[in-house]
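The structures considered in this document are given below.
The same chain A turns up in both complexes below, where it pairs with chain B and then with chain C.
Presenting the complex of A and B:
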């Protein structure tokens, strides 16, 4: 027994040396995402040097905030073995109702309070998801398809369908608040907005939760095997409420940032982008069956999708190809990760 | 399997109640021949997609087909674009119609086979695979049509399928009924049907029992894809134009129909007749909401609520509510069909 174990270890070490790249990819699938991202950037930069202008990079950073926040929430849920498609509806619901509320009843509300209310509101809607998923015991995909229509239908039929073009002043000001400002070569001012900071903070918090707390352990345990996790004493109900609540909170925050950044509140926005977000998380190496996933990979996946969305035009591919390219990427990534898993 | 009959009876009762309510509210016009015909002609598109979703769900192991409506639109768009490049729908009506019908179904079949191969050969989870193919199919439809609506026109045979009656029944509804009956027969009388349900109940045991797993999965998704192609053909026949984003809420509605029909989301059980009845019930409800003058958004809200309600009904087995030891059952005997309740 001991010798064979020892041999196995030695053999394993030898294999690790000879197949170090394969091993690296298996252990950290996000290296592929990073490589792909770098490759695409290089190709685009060669084909069209305009890509490397600071304005393009700032645009990419700005565009990835909302999607990144969504993706972090989806990562936590995927890691726990679930799936959520209702987060865009949660975001639309919170952002629009909150904007209406601030505009009509509480015009003087400071922006920090607005952000907190959005986060809490999103979390509450997420908790509804969590409770339903836990108690109905059906695949969370089906439950969240239901709640997506529920939230969005409620928003559009009872709260309003009017496009709000002039935001309350404090929200508009938050969207314009600069973090970094500099002039480009041709004299235009380029601004990296202050709200960009929210993404790294949220990523760090998510990383802390997943890697440094018992909750993170529990999440991966449930994603690995829910039955065993429950026998080990993890409270699945608490877990469901936490993961969906957390994703909802991030979605609420993302929604209000979306409004501030675009300086308008459109109740028809956001819903429909959920597949892009899930694609980003999956491209970042998280398995859709749960138990794996990293924050770094997710952020890389988001960047990959945002870059694909914004650079196709730069290299002369019509924007109509965007969906097809992302779809093919999802399938390739899925096939690739599955084959790697099997070859281990 | 005592639930089998119950579900059927419940759906029949729901349908009758809805018809009665409609008649009462509208003072009889709800039951007029014209209204019944127009409702019946709206069922086939969504009913065909729902049967496809049901088949995928029955296969178990997280089986679901999210690519249905995208594939239906792709088959319509692709056929319209390719055929109209060398056939004119107004000059050679018959040839165009026949070619269009064959091609939509062919594209659907091909798309379904791709789904099946990806799932069975590459072992990609059905949710992820069909999410990816949904996006790919839709993207392909956008690329070939340039994102615009493509005109099919109304060549004789095709437009008759979409709009005409046969013995007072819309032809599209007859096609739907015949296809549903065929699939029901296949599920009931062929080994494939038995294999599908048994594999859905316990995939591991099915492999050890020597079931042709790849064949069953590819067959199931191919069948589901063919139904999508057929739905695409009917959509084109009814609407003159085809577009990549037609019927964006059909995915939810198809799943809602299937859940209402008592198909188990974890696989292994489902009846075509229940799916047909629940598709009809949903159409009746939709028309009722229209009669009440409610907006589409209220309808979306109602669909979401209905889906969750039916999930709850399936979960708590309404009768179980009346039992005194309901709580005990829930905690001490988790249902064996749901080993992973969370995903």
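Presenting the complex of A and C:
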């Protein structure tokens, strides 16, 4: 067939290959995130060279683990067209119940088993979300608002409200276990903790699932249009169970790492930070309406938020301004993404 | 199975429906359908909107189960099928909405399903990226699309509609299909693309694939040939080689009444210019001049990228013109947004009535009075419900809606009735000019008839009408004059009474070559 329209298509395809920043941003929105991140780092580094010290970088790395794990879970759910606000409650529930369990009943439980139980426990709570979303046919936002209250209410009513300040020793030890350790110029010891490794591993696994397995493609298919995906033979029930289970597993893992890193278990902790996490994922280029998003973008979004939260102090901006800056960035990035969409 | 059916026939038998019934709530949508599809044959499923065509397709593809009856697939009897069962048996469907995943690439849309189906729907596996590419390339070549890697990696929502339609067809033939169902596959294709599709169908039949078409375009059915299957009110009223029926017979079978295909336009335009544009430029439209008399019906046609859609949107304020003057009733008017057009009495019935025109979950009443809410309000801002109901009742009457229940949600109506609600809504503002964009897209023969009569009645009241459409018979039957657009310009003007489809096509296509760089 040699219609003119086809030739136009082929020409269009050729044009797309030629380099254009607009096109790059449209196809890879995380470019904006990366640019913002670099810009902030440069500004902060110029204003206060102390930023470039290894200790700051290690701090940023350490602070991104819990938020990064949460964000990867949110990414998977957003990609499938859903949203989850219960993951912080899942994390709080698993971390606190597990800490209580280990402290009172199983003091000798090895840390690897604790981590596995946290992950599996989180996954089970996530599966409850998935089943509810699938069978009630209610938007996942509503369902997870409900389960957030449910999980948290159950935790505070039946498990406990006491702040645990002295952790079981194996958990404290895991929080302190070093991956890298070196002396800074002023003689202080800087430690990149071992648990930091969990984030790159989880990011890789998430990338593998989203981009290389049929499950990943099915997740994006459902995010594109759930009705069509079902018509094409994708099993939506399996998908709902998987995405919420996976996000729950990451949340459970994040919860227990949070406890080990902070050396205390506060049942009132974590819940309330979910908007921060969703903001990070959206800043990373995932659309809140579903069907898009990348692991790289999500990690960049998390770094952006963590950098803003932890380094503004270095340039003398009061920490109360952090929210203001994050808010401005979200609006800027959103405006940018939207204009790009319209200009296409 | 009767003893007379010989073995040769039995080997070609692929799918058989026996006494299929389907109820939706209290509605008896299918009343005992018997249908047999043999390999290597083409079938044309014809019928008005709401006659049960889509329901039958959904049952074959496993999207919904029948309420009663048997599905016999390659000798095995099922009471219902799942999508995966249907797909792995080789039943591929090109849905009217194309069912493409807008956020995935062309290659994924075309070839991912093959891997899903061959894995029986299991998701916990890596997919084969090399096979994905190969399968996609092969299918795209068949339908005549490019196979460059940049095209394979294009996100489907970035493609023009015609290319999407071909991508959907490519997906259907990417697997070893045994039955390909195409639900209105040619609505957005040009003539050449349709020719190519007909070749594809020919090839499929030679490869012993059964093809089932659902379409309103009878001409294409005759060109493809094969068997006609006519549905009316959930029953199969005729079945046999299509060449045994004339167009008129088929239309009568579909509607159950005689259809007059003569020219609807009998009146003459009135004296006095109603509307004119001079030097109008907008995205895709270059310095256009034309004018319209009171009560005149002007047809505008052209290929999808000719600028006809942009013209309609420019004069109705949907995407305003860059320059040029618009004169209505002797006064120059400025139209920057749809509200301006409405205030001046210019109405716009968009092509995609579902997405752009109607509030589907709202009632007929609420849809009809949507434009005149401020007028219906008293000084306290409270809506006069009785006046609204009276207006809606009058408009429904005028548009001959087939229901008296004004509280019925518009989404429950057939396509033809929905379109009538939409046109009726514009009558509520007593427009001077009405721009109708594809007024009968996806509308059946019977509804078309009613809509055309309504259009003629409007013109007789002195309203000017512009019909933007690629349904050429529609323009020939209804318009006074027809403008053919190409490359953003008017390249030919015809008196509708003297024009023919062929001459219009010539103008649409040849001028394209002349103006091409």
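Basically, the second predicted complex is superposed on the first by the 329 of 344 C-alpha atoms of A that agree within 3 Å, B and C clash if a C-alpha of one lies under 4 Å from a C-alpha of the other, contacts with A are read in each partner's own complex, and residues count from 1 in each chain.
Here is the rule we go by: a residue touches a chain if its C-beta (ideal position, glycine included) is under 8 Å from a C-beta of that chain, and two chains touch if they have at least 3 such contacts.
None of the values given here were measured: they were computed from a predicted structure.
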Inset, instruction - Please name the chain, chain B or chain C, that touches the greater number of residues in chain A. - result: B
Inset, instruction - Determine, under the contact definition given at the top, whether A:231 touches first (chain B), second (chain C), both, or neither. - result: second
Inset, instruction - For A:217, decide between first (touching chain B), second (touching chain C), both and neither. - result: second
Inset, instruction - Name the contact category of A:65: first (chain B only), second (chain C only), both, or neither. - result: neither
Inset, instruction - Pick one for A:265: touches chain B only (first), chain C only (second), both, or neither. - result: neither
Inset, instruction - Answer with first, second, both or neither: which of chain B and chain C does A:133 touch in the superposed model? - result: first
Inset, instruction - Give one of first, second, both or neither to describe whether A:242 is in contact with chain B, with chain C, with both, or with none. - result: second
Inset, instruction - Determine, under the contact definition given at the top, whether A:118 touches first (chain B), second (chain C), both, or neither. - result: neither
Inset, instruction - For A:299, select first, second, both or neither according to whether it touches chain B, chain C, the two together, or no partner. - result: neither
Legend entry - Residues of chain A at both interfaces, chain B in one complex, chain C in the other: 225
Inset, instruction - Spell out the residues on chain C that touch chain A in their complex, using ranges where they run on. - result: 61, 63, 82-84, 87, 93, 95, 97, 99-104, 108, 112-113, 115-117, 119, 121-127, 129, 144-146, 148, 150-151, 154-155, 158-160, 162-163, 190, 192-193, 196, 305, 512, 516
Legend entry - Residues of chain A that touch chain B when the two form their complex: 80-83, 132-143, 145-154, 156-157, 161, 222, 225-227, 236, 240, 272, 275, 278-279, 282, 288-290, 320-328, 330-331, 334-335, 338-339, 342
Legend entry - Of chain A, residues touching chain C in the complex: 1, 3-6, 9-10, 13-14, 16-17, 27, 212-215, 217-218, 220-221, 223-225, 228-235, 238-239, 242, 291-292, 344
Legend entry - chain A partner contacts - residues on chain B that touch it in the complex: 62, 64, 118, 122-125, 127-129, 131-140, 142-143, 146-147, 248-249, 251-252, 255-256, 259, 265-266, 294-295, 297-305, 307-308, 311-312, 314-315, 334-335, 338-343
